[in-house]
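Note sheet for the following structure.
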Amino acid sequence: MEWDWDFVRQILPTLIQGVKITILATLLGSVLAAIVGLGIALARRSPNKALSRTVGWAAEFIRGTPLLVQLYFIFYVLPDVGILLPPLVAGVIGLGLHYGTYTAEVYRAGIDNVPRGQWEAAKACNLSGRQTWTHIIIPQAIPPMIPALANYFIAMFKETPLLSAITVLELMNQAKSVANTYYRYIEPITLVGAFFLAISLCSVILLRWLERRYGKIER
Amino acid sequence: MTQWSGYLGLILQGALVTIELTLMGSVLALVMAFLAGLGRLSRFFALRALATAYIEFFRGTSIFVQLFFAYFVLPLVGFELTPLQAGVLALGLNVGAYAAEVVRGAVQSIGREQHEACIALNLGRWQGLRHVILPQAFLVMLPTFGNNAIELLKATSVVSLISLADLTFQAQVVRAQTGNTMVPFTTILIIYFILALLISWGVRSLERRMARGLDGVRV
Amino acid sequence: DDSKLDQLKSQGFARVAIANEPPYTAVAADGKVSGAAPDVAREIFKRLGVGDIVASISEYGAMIPGLQAGRFDVVTAGLFMKPERCAAVAYSEPVLCDAEAMLVKKGNPKGFKSYEDVAKDTSATIGAPGGGTEEKLALNAGVPRERVIVVPDGQSGLKMVQDGRIDAYSLPVLSINDLMKKANDPSLEVIAPVQGAPVYCDGAAFKKGDEALRDAFDVELAKMKKSGEFAKIIEPYGFSAAAAVSTTRDKLCAAK
Amino acid sequence: MIKVDAISKSFGTFKVLDGLSMQVMPREKLALIGPSGSGKTTILRILMTLERIDGGHIQIEGEQLYHMERNGQLLPADERHLTRMRQKIGMVFQLFNLFPHKSVIDNVTLAPMLTKGTPRAAAEKRAMELLDMVGMADKAKAMPAQLSGGQKQRVAIARALALQPKIMLFDEVTSALDPELVEEVLNVLWRLCAETDMTMLLVTHEMGFAHDFADRVLFFDRGRIVEEGKPDEIFRNPKQERTQGFLKKIIAAGHRV
Amino acid sequence: MIKVDAISKSFGTFKVLDGLSMQVMPREKLALIGPSGSGKTTILRILMTLERIDGGHIQIEGEQLYHMERNGQLLPADERHLTRMRQKIGMVFQLFNLFPHKSVIDNVTLAPMLTKGTPRAAAEKRAMELLDMVGMADKAKAMPAQLSGGQKQRVAIARALALQPKIMLFDEVTSALDPELVEEVLNVLWRLCAETDMTMLLVTHEMGFAHDFADRVLFFDRGRIVEEGKPDEIFRNPKQERTQGFLKKIIAAGHRV
């Protein structure tokens, strides 16, 4: 089978439609994941054992099972209990929940990585718990989290093709639809691959920059 | 009346395929991880470049795209692969690229002083790596390898989309036969979770065994 | 040349693509492949000296690319003959014929009779298998792309109608009837046949270049049609043997 | 005055302090010496409320540290009580523990501004005086990462002084420093000792300094005070065998006493 | 004999060694002293081939260290040449650098078995002799994590000796130890010094030990040798102002000279 540039030109506009949805899903999913992760991290630190255990197990469960199946579940099973979500919303919720369990770990590690000496120095300075968090711990914990969070958001971006399984017309679905119409797979799939590679290579550069900028605090 | 026992049989068959994929994919990923991870640390530019290209390519493009590429496009250019081979290849190469960075990071995390001790004892590069650096680095890698294996397990669900009869696929079949969505999906979510727990339990006990006597040194 | 057939004979089985859409194709609880199309194919291959068929389930859209990529030797999945498809693959003579149907909510609230009706109602959405005949029929009738929802499988389509995510789900008549039978849901209704949509017939689809194998297949198919064995296989599934005998590949591939 | 009464402390099954009692007079300069692992750091951390005690009582200026009296009953102290008690105490750590994301002057002004509501201008004025005292006024705008170990430790001392504690705790404040930098910090401690009337407790391995600095020396071993007395007595005429052995080793290792 | 001829070494733009030359006689015991950052560690690391030099030459027992002669030409040394030269040299590090995943005896036997192909039995026999010499025979099966700092350092010394180098380099081998543990290690060094005919180069802040141990003392400052001589000359009668200043500070900091 030969590579056909005319065909590429013909399908490009359709694929760009898909790119828009892909990016939208990633952005919304990232925001949700950042918030969900914070919720999970806080709940897991909570002194309320029942809460922290339950949330802990739920997060483990979500992290240990495939996003694809979770998407099926949200899209096809939840309506049975009366929750009917449009495909894109279901997809964003799936991404946000799934990656929220990862960002929660980033938050946790960021906080745990502030050395114990800093907590003790804060106490020796007689700061209150709240002051210790806002003035000492959080300012030191956040910068190293930024590259790690960005890393997960990029990973999420690469998983958006899964949304095609719940009828979201993102890039991969558009590509398949094109392939189905013209019985040619080579161009659409290669283009999708090239697109993901291009974005990922750019994001590698962004990540390196973030790491340099925020990665380490000099002590 | 629905013959659940027969359908459970189907799902268990799917579980076998999932396990098979996870195991074979993990072996390939492990091999690639060490080849590429150490390649990236090599003194030779060509090896470094090759390893970097492999890692960036497979981390950069989505597993989804890689799978479709292996399944639909490779045969067009003369590479015949069974669905199982395509699945193992895509999963192993993809996760191997992530794990390669783990190998590299772990080797680099072993302090420079250990490398220097090797030089001072006149060990060759390979001897030092083999007897001093890797045994210590492996302990650092293990927990992350466990996570990688779980990521691989989860990614196997995607092969259902290239008609490999894994868990997710069989759940779809059962769903088509019975018209029931909730039961098959809930069942496979639980099976996936159990498999993930098994992996992390296995890795943890391996870690404990290997860390014996090393208490308080690293990790 | 007969090299492809010889190859199948020596390996002892043929790889077929199916869709798991009863009654065309189905996978039983024990994993055994059945359905009208595979049953016909199995019998014919047996006569050609190929012991068995091995099926893999695939989306409709993936079948022709998979055939071209050499993933299967033949598609026996109710892939209806149409001029563009005839150009992409080598069809056998017709096997299974069926008209199109739509699954809608009880009482057909939007009053659909044809794909054009769906096109006219600007709020209506219709589901169809990706890469299937129904998707193209809807698009050709003027339903815009964003209102044609690509649904991965029949069960999902049924569910989406039940949940009100789509207003209609279109498949061949017998497939819809089978879905309805399983769902047994009084809140749904079948519109069959869809007005203005032609009766389609499928054939076994071979890779371009495997015409020799296709021709051998045709010879056995013709024999079976004549002897009545063909009818014996497909009629229990609800298909009409007479419809398949009354038309030809050349007619269907030429149809506009 | 500090009154430590039969306190005990375990980590897991390991008993670090076992019924330890001691008293420190107001303005007294106390040196705590003893072998590694003997519990010197632990007692300072307990006084700073960084560790809880398992048993016993501590009084600081007549008030219970870990307990509060309510209706004639002794209850475990709550956070408010601890906060109030901590105002009396400051601590300087072996590894400085400066806040790495704040400049030198911000390190010093942070606590007064937050805990006492001192206005920024006043806090900075006072901070500059303290930095001047420790010889670090010219580095007020620097970040901790730009300082040498000795300089960091001097800032840490200024930071602890900014809250004007009555009692200052120093835990091996020179032992993380290069030999040449030790002097800088010891000089600051000398001045502090001479100029203020704070009670000072100092854990150190610098025997020479302990000798010259302290009003009284406590020798710790395995969580107990084995010997105590005036520096001259302890260093010239140790009575206990354990003390003699310790000092002999230290001398053999090349330290001046 | 070691001949260092006008070597220079920079890190980035910072020149650490600048045309340094020195000679060490066979069996000589040399002490290197000087302020922090003066390049003492760097010269040892260069001799151990842990750093490359930017210019100059080093000869060890008449052979070039960083160069090799091929057809009358001096070429940069390749890995094989370096491996051969390293057989003559051993080094003990400030932070011990034991292999934490190997038992004490495996630490000692690893290098002989791998680099010389010594059979396990012979390597273990020799290792036990060495461990016995440093007083660690009873801990042969222990893991490094179970040892105190002084014990670790003694194992590190045994490990370096196992390769029977002609030249041993010691870089502040006691300065990471608690004062009480320093003695253990110094004792081992004394014995070593008395019993073997190895050439020994020792960087230390233990002036007393340097005084008693060394045949000759080199005083480093900013990458140059400012003063050298017999220990008595240097410590009692330093000629250079810089040396006098350094020794005064060290004394003030409480170290015996």
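By written order: A, B, C, D and E. Residues from 1 in each chain.
Here is the rule we go by: a residue touches a chain if its C-beta (ideal position, glycine included) is under 8 Å from a C-beta of that chain, and two chains touch if they have at least 3 such contacts.
Everything numeric in this text was worked out from a predicted model, so none of it was measured.
Q: If you take the chains that touch chain A and keep only those that also touch chain E, what is left?
A: Chains in contact with chain A as well as chain E: B, D.
Q: Quick one: how many steps at least from chain D to chain E, stepping chain to touching chain?
A: Tracing touching chains, the least step count from chain D to chain E comes to 1.
Q: State the pair of chains with the top count of C-beta pairs in contact.
A: Chain pair with the maximum contact count: A-B.
Q: Tell me, please, which chain's centre (mean of its C-alpha atoms) is farthest from the centre of chain E?
A: That would be chain C.
Q: List the centre-to-centre spacing of chain A and chain B in whole Å, with centres computed as mean CA coordinates.
A: So the centroids are 20 Å from each other.
Q: With chain centres defined as C-alpha means, what is the inter-centre distance between chain C and chain E in Å?
A: Centre-to-centre distance between chain C and chain E: 82 Å.
Q: Please compute the C-alpha centroid of chain A, do the same for chain D, then give the distance between them in whole Å.
A: Computed from C-alpha means, the inter-chain centre distance equals 47 Å.
Q: Which residue numbers or ranges of chain D touch two or more of the other chains?
A: none
Q: Multi-chain contacts only, two chains or more: what residues does chain B have there?
A: Residues 72-73, 76, 161, 181 of chain B each touch two or more of the other chains.
Q: Would you pick out the residues of chain A that each touch at least 2 other chains?
A: Correct list: 1, 76, 165, 185.
Q: Applying that definition of touch, give me each pair of chains that meets it.
A: A-B, A-C, A-D, B-C, B-E, D-E
Q: Sort out for me which residues of chain B touch chain C in the complex.
A: That would be residues 3, 6-7, 9-10, 13, 71-73, 75-76, 80, 83, 161-163, 165, 169, 172-173, 175-179, 181 of chain B.
Q: Give every residue of chain D touching chain A within the complex, in rising order.
A: 48-50, 79, 83, 86-87, 89-91, 93, 95, 97-101, 110-111, 114-115, 143-145, 159-160, 163
Q: Could you pull out which chain D residues touch chain E in their complex?
A: Touching chain E: residues 35-36, 178-183, 186, 205-209, 246, 249-256 of chain D.
Q: Considering the complex alone, what residue numbers of chain C touch chain A?
A: Checking each residue of chain C against chain A gives 60-62, 64-65, 68-69, 84-85, 88, 130-131, 135-136, 146, 149-152, 156, 159-160, 162-165.
Q: For chain A, which residues are in contact with chain B within the complex?
A: Against chain B, the touching part of chain A is residues 1, 60-61, 63-70, 72-73, 76-77, 80, 158-162, 165, 172, 185-186, 189-190, 192-193, 196-197, 200-201, 204.
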